[in-house]
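In what follows, subunit A forms one complex with subunit B and a second complex with subunit C.
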Partner chain A sequence: MGNSKLYKGSLHTIILKLLEENGKMYGYEITQKVKEITNGELNITEGALYPALHKLEAEDLLDVEVAKVDNRLRKYYKLTEKGSKETVNKLKELENYIRNMQVLVNPNWSIE
Partner chain B sequence: MKLTTAQIQTIDEYLQRSGVTYWDVRVELLDHFIEAVEAKLTTTTLSFDEALMEVTIAFGNDIQERHLINSDRTEVIFSGIFSNNKGFKEVEEEKRKQNRKQYLKLLVKQVKENFTRLQFYADYICFALMVYITFQYYTKLGFVAVGIWLTVDIFRTLMVVGKYQKFTRDSLRGEMSSKVISVFLGITINMFGFIFAARGLEAKQLFWVMLSIILFYPVIKASLSIHKKIFNEYKKYKEIVSV
Partner chain C sequence: MKLSTTQIEQLYKFTRDHYVEHYDLQTELVDHLANGIEKRWENNPKLSFEDALNAEFKEFGIFGFSDIIEKHTSAISKRYLKIIFRFMREYIKLPKIIGTLCAVSLLFYFIRYVSFSEWVIGFAYFGFFLYLTILTFKEKRKYNTKAKKTGKRWKLEEMIYNTGYGWFSVLNLFQIMYHLDVLISDNYIVQMLTAMILVFVMLFTYISVNVLPEKAEELLREAYPEYELSV
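Let's turn to the complex of A and B:
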C-alpha cells in the first residue's frame, strides 16, 4: 500500500494515538513504531512527521521534554491534558469516517 | 552500529550546509539522522554516504545528479549529487509558523503572569505615575522620560543575552523574540522624535498618547521576560551537550 494520500489526513490522529499508548516518544521512534505496527505497509515520511509534531505542539496538544542521550539532545513528545481529550475526539471522528466509508464502498462488510 | 564522533560531526555540518542553520531545529533533525543512519548501517549494506542520502530523501528533499561540461565542450563530467533541501526548508518554515503562533500565546500568558507579581505592580505604578506627571507638566519631558525608561529596560535584557552573540542567529525562537524587541526598541527610540511632533498636539490627543504608552507597557515587559526565558532555555540545553 505504501504511502497513500488517504493517510495524510489521519497523520495527527496516528501520532496522538501512538503517544496515548506509549507515553513519550521521539520523532524517529514514531516512524519506526508505525512501520512495525503496520508490518511496513505504512511509512510516515520525516518531511510530514516533524511539521505535524510542531503543529500539535503549538496547539498545546503535545508537550516537549528534552533529554541528553549519547551526548546529544533528544526531544520527546508527550500528550498534554488537552491532547488526551483531543485524542478521544479525533479517534471518534476517524471511526465515524471509516464507518461511513464502509457503508459507501462496501455495505456488506463491517469492522465490528 | 554506533556512529563515531567524526561521523556525527559530518552529519551536523551537512545539515548546516543544507540550510538547517537554526540550532533549535537542527538538534532534532540531527538526532533523527543519527538514529536512522545507524539503523541503515546495521540492517543494510549501505555505506555511510548512501545511508545519509537515503535519510535526506525521506525528509522530502529531491536529489539530483549534476554534470559539468569541460572547457572544450567535448566531455560531460559528473560533478556530484545535490539535494534541493526542499524538505528541510518545509520543516523549518512550518516550525517558524508554529513559533509565531506560540509566541502570541506566550505573550498573553506572560502578561497575565506579570500581573500576579507584586514587583510588577510596583514597577507598573511607578512607570504610570512617571508618565502621567511628566506629561502633565511638560510634554517634551514626558517623551524623553518614557524613551529613557524603556531604552534602559530593553538594554538591560539585551545585555544579559548579549554575552551569547550567537543566540539570535542560532535559535529560531530567539531570532523571533529579538525581532519583536527590535520593533519595541524602534518605537522607543521614536519617542525622542515625538518631542518635536508634540508641539502641535492638543490636550485630548496627548491624553491618548499617554494612555497608549501606559497600556502598552505590560506587553513590552512581557516580551522582555519571554526573551530572557527563551535565552535561559537555550543556554541550559547548550550547557547540557557541552558537559
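Let's turn to the complex of A and C:
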C-alpha cells in the first residue's frame, strides 16, 4: 500500500470517507479516485484494498450491490447504517491523531 | 476500446490459473483487471491484450492474488460464524428458550442422578461422531457435484457444505471432557456447566450441519447479489 506504512492504518477511514461522499463505488474506482484526489501521491494497492473492503463488509459496515456493466459483473460497495456511524467515529479518531501528532512534532503549532 | 466476452472469459481463466478458486472473488478481480486493461488501451491503443494484462497483474505486487485470497477466506469465515450465531440466538429467545432450558435441566439431572451417565454420554457422543462423518461426506459430495456442474464455487457455500465448524467443536469438546474428567465430577457447578456446554455444542453442530445446508440457497442469495445474476 501506498508510499508509506503510515497510510496503512488509515485505509479503512479513507474507504469509508470516500463512500460517504460518493455513495456507491467499485474497487477500481476507489483506487483511481484516491490517485486523482492526491494528484498521484497516494497509490492504494489492490493487495491492500480488497482485503480491507471484504473485512468492512464482514463487519456489516458495507453492503454490496452487483450490476451487469458492459459484458461483465461489477460489485459496488456502499455504507450501511452502521457504516455511516462508524465513519463519523473513524474521522474523529483520525482528526485527534493528526492534532496530537502535530503537537508532538511541532509543540508551537496551534490549530487556531 | 472495450473488452470482448471472450477476453472476459480469458480473465476468469487467468484468475483460476492463479489459484482464485471461488467465483465471488474471481468476478471482482476480473472486473478490476478489465478496468485496468481498458484504461491502458485509452493511453496506448496498440497494446496487446496479453501485455496489458501482464502489466495490470504486476500492479498486484509480487504476491499476486495470494494475500487477497487468504484475507477473503478469513472475512467469509467471520460471516459464516455470524450466520450460525444468528440462528443460535433464536434458541435463547421465546419460544425456543423453553426447549433449551428443558434440555439443559434434563441433561443436568441425568449427569447428576443417573449412575453410569458418563458411559451413556460417551456412547451417544461416539454415535453422533459417526453420524457427522457420514453426513459431512454426503454433503461434500453434493457440493462437489454441484460445483462441477455449474463450474462455479462460492466460498460461503463451500463452508456451509463442509460443515467444518460442527466437527471442530465436537472434537475439541471431546478432548476437553476427556482430559478434565468433567463427566465423573460430583460438583454440581461442574455438572451444570457440562450440561450447558453440551447443549450449546449440540445446537451449534445442529445448526451448522442440518439447518445451514438446508437454507444454503437462501443464505447465498443474501450474501452474494451476483448469485442471482450468474445462476
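By our rule, the second predicted complex is superposed on the first by the 106 of 112 C-alpha atoms of A that agree within 3 Å, B and C clash if a C-alpha of one lies under 4 Å from a C-alpha of the other, contacts with A are read in each partner's own complex, and residues count from 1 in each chain.
The rule we apply is simple: a contact is a pair of C-beta atoms (placed from the backbone, for glycine too) under 8 Å apart; a residue touches a chain by one contact, two chains touch by 3 or more.
Computed from a predicted model, the values in this text were never measured in an experiment.
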| item | value |
| --- | --- |
| Touched partner set for A:T45, first subunit B, second subunit C, both or neither | both |
| Touched partner set for A:K75, first subunit B, second subunit C, both or neither | both |
| Which superposed partner A:N89 touches (first subunit B, second subunit C, both, neither) | neither |
| Partner chain(s) touched by A:E65 [first = subunit B, second = subunit C, both, neither] | second |
| Subunit B and subunit C footprints on subunit A, overlapping residues | 26-28, 45-47, 50-51, 54-55, 57-58, 66, 68-75 |
| Subunit C to subunit A touching residues, read off their complex | 2-5, 8, 27-32, 34-36, 59-61, 63, 67-68, 71-72, 75-76, 78-79, 82, 224-226, 229-230 |
| Footprint of subunit C on subunit A - complex, ascending | 26-29, 45-47, 50-51, 54-55, 57-59, 64-66, 68-75 |
| Residues of subunit B defined as touching subunit A within the complex | 2, 8, 27-32, 34-36, 39, 55, 58-61, 87, 90-91, 94-95, 98-99, 101-102, 105, 237, 240-241 |
| Residue ranges of subunit A touching subunit B (in the complex, touch as defined) | 26-28, 32, 45-48, 50-51, 54-55, 57-58, 60, 66, 68-75 |
